[in-house]
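Residue numbering begins at 1 within each chain, and the chains themselves are lettered A, B, C and D in the order written.
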Amino acid sequence: VIIYLKKETPENIIEDILGNIRQGGIDAFYIEPYNLIISHKFHNKEIFQAHPYVENQQLLDTSYKLSSREFKSNNTTINIKGVEIGNNHFNMIAGPCAIENEEQIFGTAEYLNQLDVKFIRGGAYKPRTSPYTFRGLGIEGLKLIRAAADKYDLRVVTELIDLKLLDEIVEYSDIIQIGSRNQSNFYLLSELGKINKPVLLKRGMQSKVEEWLLAADYILSGGNEKLILCERGIRSFDPSSRNLMDIGVIPLIKSLSHLPIFADPSHGTGDAKFVHSMSLSSIAAGANGLMIEVHPNPTKSVSDSKQALGFSDFKTLLNSVEDLAKYFGKSCDFEISDRNISLSQ
Amino acid sequence: VIIYLKKETPENIIEDILGNIRQGGIDAFYIEPYNLIISHKFHNKEIFQAHPYVENQQLLDTSYKLSSREFKSNNTTINIKGVEIGNNHFNMIAGPCAIENEEQIFGTAEYLNQLDVKFIRGGAYKPRTSPYTFRGLGIEGLKLIRAAADKYDLRVVTELIDLKLLDEIVEYSDIIQIGSRNQSNFYLLSELGKINKPVLLKRGMQSKVEEWLLAADYILSGGNEKLILCERGIRSFDPSSRNLMDIGVIPLIKSLSHLPIFADPSHGTGDAKFVHSMSLSSIAAGANGLMIEVHPNPTKSVSDSKQALGFSDFKTLLNSVEDLAKYFGKSCDFEISDRNISLSQ
Amino acid sequence: VIIYLKKETPENIIEDILGNIRQGGIDAFYIEPYNLIISHKFHNKEIFQAHPYVENQQLLDTSYKLSSREFKSNNTTINIKGVEIGNNHFNMIAGPCAIENEEQIFGTAEYLNQLDVKFIRGGAYKPRTSPYTFRGLGIEGLKLIRAAADKYDLRVVTELIDLKLLDEIVEYSDIIQIGSRNQSNFYLLSELGKINKPVLLKRGMQSKVEEWLLAADYILSGGNEKLILCERGIRSFDPSSRNLMDIGVIPLIKSLSHLPIFADPSHGTGDAKFVHSMSLSSIAAGANGLMIEVHPNPTKSVSDSKQALGFSDFKTLLNSVEDLAKYFGKSCDFEISDRNISLSQ
Amino acid sequence: VIIYLKKETPENIIEDILGNIRQGGIDAFYIEPYNLIISHKFHNKEIFQAHPYVENQQLLDTSYKLSSREFKSNNTTINIKGVEIGNNHFNMIAGPCAIENEEQIFGTAEYLNQLDVKFIRGGAYKPRTSPYTFRGLGIEGLKLIRAAADKYDLRVVTELIDLKLLDEIVEYSDIIQIGSRNQSNFYLLSELGKINKPVLLKRGMQSKVEEWLLAADYILSGGNEKLILCERGIRSFDPSSRNLMDIGVIPLIKSLSHLPIFADPSHGTGDAKFVHSMSLSSIAAGANGLMIEVHPNPTKSVSDSKQALGFSDFKTLLNSVEDLAKYFGKSCDFEISDRNISLSQ
């Protein structure tokens, strides 16, 4: 059950109600930001029906709650330094897998800015399957991407891989990315609920939709409502592609949840030559934005080189994306009449 | 290796070459329709280099061959009673999961005809997981769908579930559908190579792309080149949808093979409310056509009722599909200026 | 519901009851061998409560029925030419993947006989993923394995890949094997219900347990109760082994069903070096028997050579298997005091 | 390549070699505890062939290295307060999923001690899919399990869910458990390489064997060699069990790696009624130990109640396990002649 409390409910009353439920050996939680009590196994609405501090009650019909449409029917929108995300807006996040050096990240930032892109991505700490591969520049990488973004009016999206690095990441980023391997890192998710910084939560490569939305609830139940979901490919039995991009999860999430849903076709397919078609496919399925790997020289990229687009291919993609997003009535944050621009590099 | 033979190669020479390879304990096959010898484990081009009847040789770099782009670079097109499939054409196949009775199938056929749809689907023999459910009307069903199609100028797509029924199905259909559960029925596939009737080969719900294209090679190597592939959803770990529609397989197949690739979002999602978005998504990914379940009264459908569209929803879908397919430069076989038609029923 | 009818129920009464249920648009089936009516969606026990020909009624709580322990609590046993299968018996089926020639199959049969093995396996028609590989000797192979089995007092287990071959396979075999790719071939399964020959039904490589038991119900509902299940590995995301052998399905099947359950570690692992440990593991999990690939010269095997054991390794395995099966209180059909025998070859 | 350096190699020479490789844009890592340089993409043995400080070189044939049998052929053994793990030893770890209160954990510890079990498990911080369920007692739980273990001569196995808790967990535990959801938390794994405390690394529920062994390499490459692997069930398409226990991974790991491999049939099956058969099956497959959930009153357990054994069932299991482990020639750390003991509770 969810018990919505009245505004003025005193703390001792809250403790009373929690204790009342718990004495039956059942867990109950007070969710402070929403002033409600939630208990998964307690299915009785009668006990607190007439309680003077109970505003309303609702039986739980889905395991996740705060991320569901039942809890909130209107689409969530998020404003990040003047750029709107969610609902009818369409956004593009682009940049290299890993921040490698000043030339690479400033060159990319300058190019993105000329194409009117508003968000740059790049990892300073990389979760790599093998310990014998490049793990990122660390704090130096964060400083580089921040400086590049500030110079070229971009917003920074970068991944947090461990709570120990939270302060660093909060300082240098505008959106904190939680990668596939951390989608079930519940301790980390709880802490993200307590901060005031947008989070982009990628789907775990083995996560059921219900588990993904429960992970979202970890963040939302702490009070942080600036949350974006992002599909990035799941694991399948077929080795013919690196990941299997679950395009069907896009309309499914939109029917179940009010949160914005992005798509990452670079990881989703693992192959640059399918990024264009899967980007368009994601838009047709209803995605609110894309996250694309771009690199000045993909073949020299230190990680995931196979899936990054070069500048020229990215420009072509961006033109197609803008056109199709508008076809579906979206308002793009990257709108420019002529992308046949010349660059200093 | 593939050994392409000269046109006039006598049979005893073919036997000689086969015997030569086989004496090393290695299999070799003569593919009569293409006048070539194929051997998977024989990787030596030198032995027959100077043979007077050998036109050309090619080392095998993929396990499937006849369905690959290396074998044939141009897109395959198929003409079915005046309607073109493949390449730049876009087709719609629609109809009920199972043929139930005269009223249902004639009503559907009339409606499809008024919307300018050219292909009707409907099963007379249904592969059902449980023996305690409806298995189809059998031969009576075939007669009904044929009569309805003939009256309303439609082409019939219906499923073959066992070789014993091949003659029946060939007689009453225009395209033979091979369902997901028979995609690896190699004995059946071999026989389909010997007939002159188009085949729509659905992907096995657990099939790797390589296995699917090898299944295609079973049919092609018999000489039947009228082959269409169709993605219909695969099995995943997530119970949140009935199947997981692998949209990414569409551009993948298009890069690997010359065959037309259709999408079936009705089975792919298992839920009518996601058919619209996944249809558009399939088009954006490059599909050559769609197969959609339509029923005069979905809630009364004897099978798969959850995934069938009613007439009105189908008309809305068809308008959207035509518009988006044209956006991507496709030529639709269903082109009508005004679908706000009135129907006799 | 299941409606158990009284013995003397006249046909027109049966039709009445079926019609009664069906007029509500719900399917109902008369299962002649058990004299009962089964209807999946009809959940009303009251309507026929007082019917003079209704013996008893039961609401369906699992989708499969005849293969379930609720339907039959005692373990099914099957007698094949004097050898008992099921319950407390433990059986060994061994032989090559494919029948290749007289020397191979007679040599194997002689060896198996000397080791006191009672069942020989060998395929005459092979379901192969690629059309460019060996597909079996066909009818000549069947004749060879039958002759070898008759000479060395063995029972033949061989695969049926298409209904067209049913008469052949019935004539030459003692147990009809249905392979993984045909586990969902419902038309074929239905026909197997009508014959009087034991069937070994392998699990589909993508089949849920419920689907496997429903496939069993297809055979059982036709009246053929001589049915053995066999786990042979399923498909997973991990390419580190050819298949993933689901050992856990063995105790699961034993708790849900009365049917004997065998294990095939040769296909289950796809690697001869793991056959020994996975055989013992299957016994410890409760398997009723094993199916093992044995070949006089595995490296020369025309198919699946990587997973076949040579004679010497098989003898070692058999000794271990007999010892462990007895440890668990099983009665082995292969019991011999001294396997350090000399062979004519 | 792996470049094994001579003992006295000066730091500037190491830097020289690293720089030499890296100038080609290729990563190279010095693994200090083993005094070697590893580079995944550098496949040239000639450049440093004659280098005065290079002892030996080896081309990399597997992506993981330190955990492989090629790197170390002898089985790793670990001594934990006088109890040996690995090689021919067989160990039992038992206890509740979560530490709930003093009575529960002391009662369990007393019982385990009387059965001669040497390791107690119990979680103080629980990774829970839903934020609305019990997340553990935290530091109070750690103190309770430590006190109970000290009183009853047990070693503590408890899970680390975030680096922030590392000092706490190191202080109160004898083996640090890394759960399925953290198997790919590479930052955490790196830190575990730097401490001197045994680690039990569960397999990720979606991890390929190669990924699991690479995760092991993260820990080993830091210098911590006290590492145990543990299979706990993976994700599959079949909802008939909570997880799919991959018994086949046990002999596979034993052939690829020198590390001890345990099995956790409680999570592996998710159902107490299959724990007995899957425990025996794990032993027959070659496991070095088991981890079993035991609770004084399973139905009152706050988490995972369905999979915990009660005391009486656990005693029955322990007797069977000891008997079968000895059958396979293992030396059990729990050896007692008579378990028909009476307990104070």
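The criterion applied here is as follows: a contact is a pair of C-beta atoms (placed from the backbone, for glycine too) under 8 Å apart; a residue touches a chain by one contact, two chains touch by 3 or more.
No experiment lies behind these values; they were computed from the predicted model shown.
**Student:** State the pair with the higher C-beta contact count; candidates are B-D and C-D.
**Tutor:** C-D
**Student:** Quick check for the class: compute each chain's Cα centroid; which one is farthest from the centroid of subunit C?
**Tutor:** With centres defined by C-alpha atoms, farthest from subunit C sits A.
**Student:** With chain centres defined as C-alpha means, what is the inter-centre distance between subunit C and subunit D in Å?
**Tutor:** Using C-alpha averages as centres, the distance is 38 Å.
**Student:** Quick one: subunit B and subunit D, Cα centre-to-centre, how many Å?
**Tutor:** Distance between chain centres, rounded to whole Å: 48 Å.
**Student:** Would you kindly tell me how far, in whole Å, the mean C-alpha position of subunit D lies from that of subunit A?
**Tutor:** Between these chains, centre-to-centre, one finds 32 Å.
**Student:** Which parts of subunit A, given as residue numbers and ranges, touch two or more other chains?
**Tutor:** In subunit A, the residues touching two or more other chains are 206, 235-237, 239.
**Student:** Would you tell me which residues of subunit B are touching subunit D in their complex?
**Tutor:** Within the complex, subunit B touches subunit D at residues 235-237, 239.
**Student:** In their shared complex, at which residues does subunit C touch subunit B?
**Tutor:** Where subunit C meets subunit B, its residues are 25, 27, 29, 38-40, 63-65, 125, 127-135, 161-164, 181-182, 184-190, 205-206, 211, 214, 217-218, 221, 235, 300, 302.
**Student:** Note which residues of subunit A are touching subunit B in the complex, please.
**Tutor:** Touch residues, subunit A against subunit B: 206-210, 234, 236-241, 244-248, 250-252, 255, 268-269, 273-274, 277-278, 280-286, 324, 327.
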